[in-house]
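Notes follow once the structure below has been shown.
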């Protein structure tokens, strides 16, 4: 693994910007990151500027989703608050587990942005780049334990066949030791990334190129 | 149309409770409204109690989604804020148009709760129960104009084939006169109901029986 | 429920025409009811005229399927005879059960005309508008008993995956107490509405607007 | 081609029985032809007996669909009348064209019985066993002309995606020279075999073994 | 059955050419057999010429796949060697079983060429034209025993849902008495015809017309 | 990019083993690499031993597909010869283009092994880890030029809807400047990885853990 993983992991959308001359430094992949206007760094609200600085301090760069979303700033902050609440670890569901749910949902929806950013997050949080990438590509063959598989199968069912979800699914997770709060959280995280995946795909968001090389 | 539609439409998840003895009055359809715990009326926070009263005043009843969601109250308020922002009409996109997007997405996801509640909302806002129900069942045969069809086709594409969305889709809507803000809103509303539909279906939410009879 | 349901239910395609000035009285939804020629009221055979009068007496209006189909009159009567035979209640399968099968098949085929007309019929025959609409939208969440669910699951399997049907399906229904005659009827009704749904969708039939408001 | 094709083709469900000792003579494939009771030859109505004799005279054998369906005799005759009307050639649509529509619909529904019986009928009516079998297996690669392909594409669309059918489809066929009566017939034949295929598959009908060898 | 089946079956792609005047003798179906150049009989390598003579001796004609593939001769021989190895019978898996796997895979991929040539092979090797054609059209209704069905279900799963294959599938076949070598062969034959089907379909290969009439 | 990419790229299934103590050195991911027996290093044929040494010299490790396949050694060599021929660059189609075709086919089939090994190969050959991973996850959003997209769209169509491939597809690629030899190669490579993907998925092959970290 590269030294990248020593980076503080306090904020888990993102990762580490390797160049900092303000132009991104990745001219090779300098594709537009949205079909819509982008939040300008110098021209944005104080709150956004503060978030940008914060992310650069903890993550070393600003995830592109933020610049692509923040032209609708009031809306952005509401999503941001909800999403951060959902991804906060609880007694019953760790941060890594929450990110794994986000990742398999994103893979089921073929969302390039979210597979990339949450793939990074899972590699980092598991401290295991191999398993992290395998979950991105096919979680059923990643060597996961039965409890984790049950959780991820449920997230994928919610994504692909929501109308078929039933009380039996909930009871199946209870048998694996998940509490009601945990099961609800799995369902709500799965639901949330069905929102995020679609917003990212429909608006043409592209992930920071740096994600791809981190925690390998 | 029944007198129901004279009800104030200020809050558009909901509708009108026809009985008010506190027990719901609909013993025939008294099925559990969630696989999870329900927010108790008497035992909940002051903010929730205030919302309950507000909804009963404007809508005459409390939509079941609120009672089913509010056992995770902090989470609920964050979704509620985001959702209300998204459903507020703008210069370019009316409340009825926003509800139509929510409705066709819910139909594409076969979500009983949301087809029921947003079917009601569309009937009410269009002032046209026939067209409203036809949008619920097959919007392509509801006699809608080309601009509205383009909007709804886009919402369904985002729902069913998000990874195939491209800049061409955005440009197609621009040609129909939608501004960037409107197109983003269509995409974000579509995304949001992919969240809501899945949360409702996975947690077993059932809609208030009263919805079915209103604005017919 | 409205007084509409006091209407005699002797003929269950249809419902009740609320205006009778001969022009349909529903100018708001005056869309063409077929891509093909329409049987003219004044210019048609005596048998058709007799049927029109009969339906107006019992149902108060003439279902549009009849006017849209009857330009091929000889063909129409043959279908009509077969369909009426199939929808007649037997000892083992009530009229409401037959209509429920027609309805879930129509929903599985996304047929606007047939979801509308058979949705009405189920609401009327069950005497339960809420359950009737829930069967239209998602019969798995409509609170039905296990025997009825088994019947409807079979009808949907015949519709969506006919080649996978097997002797096991028949035996499963036998265990629920259905006799051979009943199981055949379920299968044949399911098959028949796969005919009707496709003819209605391919020829562009639109249902009478009055259906939408009845038995709510 | 075998001498079989000299057989009178007046009734085109069927074909020619090669053995006539009353036991079928095909012990190798003596599988049950239905999951339901079978109409007994000696014990059935006079009308059925007359039909059996008629078919044996013109076709040399009784298609199994008749024995499998006729235990519900009243129902059988209604279908029979409708089906025979539909398959009668008109000025605009030949018997071979009607059988080709039946065949591609049956293939789209993976119906063993109907692919077998209508595959035979198409081989016979085209006088071309090679093209007949290619239509059974993949009509797009059978060397058909554009008009016939347009007709068959429409039949398959009605079968697989009925709700997407629109006025444009009808107009497309008009451009190929089909009259309204012809287009309706294509649609109704397609619809009819969606009925027949499902009844045959759900009830476990197996075709007469003799079909497979005829007109090769 | 025709005298055709007396033909030596040593080489099982092919069958018997009924005319030998060098022009194919089937002018009625003289469609191009590929979208690409065809190996010329007189102008090709000595090895190919030798293969042509060999096939005409044993099979009475040269399967069109060979002429369509052999313009890339080096590539052709490598596939040929691999394919012949795979289709050679072993102690645990007969030639007929190998051909049945090839056939159901080809049917699952809707490959006209391969359904035709392997349909012939299965009819020939089973000595049963009826069962052979039923396997082509719907192997689940062909009256096969449980062991054979398990083998064919596995081949279809590998074809349609490869990522879902698991150790349980392998163990299920072991229970039916298949050895590891046999199960691998089933999997590899299924995989191979996913190659062959796609090459044939993408390059527009059409089968020899003679196949259709043989072993009927 | 890591120094890994200085490794000789002569043989492109594989990559570089980072530990060489003979035990693999990756105890964390020491999952079984096949549901079947594995070729033993010390106990295998001289030809295999020679290949192992060759791969370790050029790639630094032996791709697991070789050990998992080589227990059927005769079969292995035939596939190996064919595959190597197919992946050799020609005037019209570079090695990187061939690997991109293999990669998008593997992604369309959700094959963990092949996405991993060909993802590595594409990253290496393009000298661009970011674009390489984006092609693995969603090639439509990887910033590729129109000619490359046309090639990859064709490979995916061959994979997902082979029966729908037609002469128009071939002509479309001709317009992009591909010669007949190139188009055939694209089709045959696509077909080949439909074989490889299915064999790998059905037999439970797991890729070398080292792949995941290389050329990042």
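For reference, chains read A, B, C, D, E and F in written order, and residue numbers begin at 1 within each chain.
By definition in this document, a contact is a pair of C-beta atoms (placed from the backbone, for glycine too) under 8 Å apart; a residue touches a chain by one contact, two chains touch by 3 or more.
Treat the numbers as computed from the prediction; the structure is a model and nothing was measured.
Engineer: Please report how far subunit C has to rotate so that its Cα atoms sit on those of subunit D, a copy of the same sequence, as a value between 0 and 180° in steps of 5.
Structural biologist: That pair's rotation angle lands at 180 degrees.
Engineer: Same or different: at the subunit A/subunit B interface, is the fraction of residue numbers used by both copies above or below half?
Structural biologist: Subunit A and subunit B contact each other through largely matching residue numbers.
Engineer: Could you grab the centroid distance between subunit B and subunit F? Build each centroid from C-alpha atoms only and quote it in angstrom.
Structural biologist: 47
Engineer: From the mean C-alpha coordinate of subunit C to that of subunit F, what's the distance rounded to whole Å?
Structural biologist: The computed centroid separation for subunit C versus subunit F comes out at 55 Å.
Engineer: Roughly how many whole angstrom separate the Cα centroids of subunit A and subunit F?
Structural biologist: 28
Engineer: Check each residue of subunit E and list the ones that touch at least two other chains.
Structural biologist: If we look for residues of subunit E contacting two or more partner chains, we find 110-112, 138, 163, 166, 204.
Engineer: With touch defined as at the start, can you tell me which subunit A residues reach subunit F in the complex?
Structural biologist: 1-2, 26, 28-29, 31, 110-112, 115-116, 128-131, 133-134, 136-138, 141, 143, 204, 206, 209, 212-213, 216
Engineer: What residues on subunit C touch subunit D, complex-wise?
Structural biologist: On the subunit C side, the touching residues are 35-37, 72, 74-75, 78-79, 81-82, 85-86, 109-112, 158-159, 162-163, 165-167, 169-170, 180-181, 183-184, 187-188, 190-192, 194-199, 201-204.
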